[in-house]
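What follows is a set of structures for review.
Next come two complexes, and both contain chain A; in the first it sits with chain B, in the second with chain C.
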Partner chain A sequence: MFSFLKILARNLILGPSTDPFPHGETFTPEGLRGKIRFDASACVGCRMCEHVCAAGAIRIEETADKSGLEFVLWHNSCAFCGLCEHYCQTKAIRLTEDWHMAHRQEEKYGYVEKGVVGYVPCSRCGDPMVPVAPQLMKIAYRETNRDIEKLRDLCPDCRLKQSVGGR
Partner chain B sequence: MKNMLKRIAKRSPWLYRINAGSCNGCDVELATTACIPRFDVERLGCKYCGSPKHADIVLVTGPLTARVKEKVLRLYAEIPDPKVTVAVGICPISGGVFRDSYAIEGPIDRYLPVDVNVPGCPPRPQAIIEGIAEAIEIWATRL
Partner chain C sequence: MSTYTIPVGPLHVALEEPMYFKVEVKGETVVGLDITAGHVHRGMEFLAMKRNFYQNITLTERLCSLCSNNHPCTYCMALESIAGIRIPERAEYLRVIADEIKRISSNLFNCSIMAHIIGFDSLFMHVMETREIMQDVKESIYGNRMDLGANCIGGVKYDLTAEQSQYLKAQMERMKKPLEEIYRLYTENPFVRMRTEGVGILPKEEAVRYGLVGPVARGSGIAYDVRKKSPYAAYDRLDFQVQTEQSGDVLARAMVRLREAQEAVGIILQCLEDMPQGPTWIGIMPEIPAGEAVAKSEAPRGELIYYLRTDGSDTPERLKWRVPTYMNWDALGVMMIGNKVSDIPLIINSIDPCISCTER
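Right, the complex of A and B next:
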């Protein structure tokens, strides 16, 4: 009959179990999949993320002035599935642990992650090309030397000629 | 008298939940915010209610499927003004992974005025609470 007294006493000792959020700090478990961050300097424009995105949240297009590729991710469509991070070879896309995403309707279409990968000229023919990120060189060659580094500044056509023709 | 009512009402908006064809993921998170003492939205002064006629803040989940569209709109019309609408999860906001499906009529802002968006698939309870806190702020200005 007095079992509630036991519960009462226990609760008095343990204190409230409610998370103080939003009036105070809360916890975030490690590895929580939240908002995505894009690092333009590591992106090689392979468009894999756009291809695997289940929710069609990612779009990669040439900028209006044709000076590079523009990456746009609409947070309001992302399902946090993490496929983009999984398939991104250079890890230009990362899921952060940031889950503070509530926003007003006015911001709906502006709630995006953006980045521009600017073209660089090929060192031989001068054609604009997507820069080869150091991360990709690492994956492709593990160690690089001067000869390999030279290939880095060449556009795909010139690179082919250089590596097959040897000059 | 009216002023006094307004003052009181400001602090205790009632929540109402509409499932517009959701997969139940967001609904589970909403239930979590209400039923588990750890998250407990009710300490913000709000309370879930069972009738649309009592509601002040409407939480919508799901991409608005063709099948439930009419019912959702009818239900929404029953909620007295002023009201604040919160879209919970990416489905009501953009259609999410179901976007462009023939069975989807949403996103819901094509039919209902939305005030707050809480993206995520599903958003975690804290994110939902953050969205509701935002909605309560809007609610205070509408009275």
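Right, the complex of A and C next:
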């Protein structure tokens, strides 16, 4: 009995241990899995994020005018599991530390993360293709040189021809 | 004296989760018990067959919040056993760390609820405050306070940097003293003892007969622990004791849980010491062939078994799990008889019921 009175007295002296939020600062650790940020310049359209997303929150579809791929993530479905970030080779998807997610019901359908990966023409045949992100080049070739850089602007078919034919 | 039947639940203030009990009482003493489940059934076994292997990692994690790391971990173990993957050694240690962090939080949560039920709310708050250290650890290392998202097929998704290891070590050292203090309070405080000693007794023979697992079985003197009996991850390289108690009452189960939390602190510190450098996952997305596997692990509530059958496609053909709470429910029939009506919530809490596990 006495031992608990001691703890009570100690806790009284120390005061509340809860954060004073929203009247004061609260603790947000580095690496908190919050709102998702999409970087279109790093995306290579592999659709792995769409495949692993348990909630079906991510959709990647061709835009209506067929000018590129549109990435849409609906924050209301997202479970913040981080699988998309883990399996994204080029780190185009990142979970930010932003946990301020409250929004009005009327904003529900607009509360999304969007991005468009515009197609670029293949430098040889001119067919539209998803641009090859420098991040992917780094994973594939580690160091790039002029010959490898040339491959970057080629569509998969032309790239194959170039690599095999060497021209 | 005539007997009455009292309905308890499905929603009852002291239980906080939906489960329906038909309690037969004679005077103030419980003489019979009937349990009806299924109020929050979610059909997750069916759902798992509709999703691919990766999506199921997240789905299984949402099965239950308190043992949420064990579910994806065991699921990944089953997949890895089908695909013949051996995960990197560092990943094995990291899986143990995630497991034990969840174990400390889960066990402290149950013990604090016990204090709340017996009306000792300042003790409840004190234990919860101590548990808050663990919650902050989870948030800082994994990025979430409940669902760690630590596992992936072929290893773990997270790594500990030197600073994070230091931080984790410091927090574990910080847990030692309060855990000791709480254990002493639970075992010595006259109020706690008065309400919990000799209440809800489960004899060893009955525990064997019902096939009980986890702290409930260990509180009745059965030294069964998956971590020792069939070690997974890095448990075969770690030094720890299986905690048991002989008396089989509510207090014994709480004592087992608190001592396990203390053991877990030691396990995490050992892991931080022994953990080798290296990759944390296999780095590729493996092909999963057709096959079947059973994997099991020791969740905070006891042995968790996963059965997985695949057919070569990227969705499971069948995923079935047996959760620890499932058997423990039945034993309530033994524990309740002969106890007072006022002890019903206390005894129910002592099996650490997980309704979301039972009614997945």
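Going forward, the second predicted complex is superposed on the first by the 152 of 167 C-alpha atoms of A that agree within 3 Å, B and C clash if a C-alpha of one lies under 4 Å from a C-alpha of the other, contacts with A are read in each partner's own complex, and residues count from 1 in each chain.
The criterion applied here is as follows: a contact is a pair of C-beta atoms (placed from the backbone, for glycine too) under 8 Å apart; a residue touches a chain by one contact, two chains touch by 3 or more.
Values in this document were obtained by computation on a predicted structure and should not be read as measured data.
Engineer: After superposition on the shared chain, which partner residues are touched by A:F80: those of chain B (first), chain C (second), both, or neither?
Structural biologist: both
Engineer: Is A:L8 in contact with chain B, with chain C, with both, or with neither (first, second, both, neither)?
Structural biologist: Once the two structures are laid over each other on A, A:L8 reaches chain C alone.
Engineer: Touch test for A:S17: chain B only (first), chain C only (second), both, or neither?
Structural biologist: The answer is both, since A:S17 touches chain B and chain C.
Engineer: Just checking: does A:H100 make contact with chain B only, chain C only, both, or neither of them? Give me first, second, both or neither.
Structural biologist: In the superposed model, A:H100 contacts chain B only, not chain C.
Engineer: Between chain B (first) and chain C (second), which does A:D157 come into contact with in this model arrangement: first, second, both, or neither?
Structural biologist: Touch status of A:D157: no partner.
Engineer: Once the shared chain is lined up, is A:G31 touching chain B (first), chain C (second), both, or neither of them?
Structural biologist: second
Engineer: Regarding the shared-chain residue A:V52, is it in contact with chain B (first), chain C (second), both, or neither?
Structural biologist: After superposition on chain A, A:V52 lies in contact with chain C alone.
Engineer: For A:D127, using the defined touch cut-off, is the partner it touches chain B, chain C, both, or neither? Pick first, second, both or neither.
Structural biologist: neither
Engineer: Which residues form the common part of the chain A surface touched by chain B and by chain C?
Structural biologist: 17, 32, 54-55, 79-81.
Engineer: Which chain B residues qualify as touching chain A in the complex?
Structural biologist: Residue list for chain B touching chain A: 37-40, 43-44, 90, 93-97, 99-100, 109, 113-121, 123-124, 126-131, 133-134, 138.
Engineer: Which positions of chain C touch chain A when the two form their complex?
Structural biologist: 51-52, 54-59, 61-62, 122-123, 126, 129, 132, 136, 139-144, 147, 149, 152, 157, 181, 184-185, 188-191, 285
Engineer: Using the touch definition from the top, list the residues of chain A that touch chain C in their complex.
Structural biologist: Where chain A meets chain C, its residues are 1, 3-4, 7-8, 11, 17, 27, 29-33, 51-55, 79-83, 86-87, 95.
Engineer: Considering the complex alone, what residue numbers of chain A touch chain B?
Structural biologist: Listed in rising order, the residues are 16-19, 21-22, 26, 32, 54-56, 74-81, 99-105, 107-108, 111.
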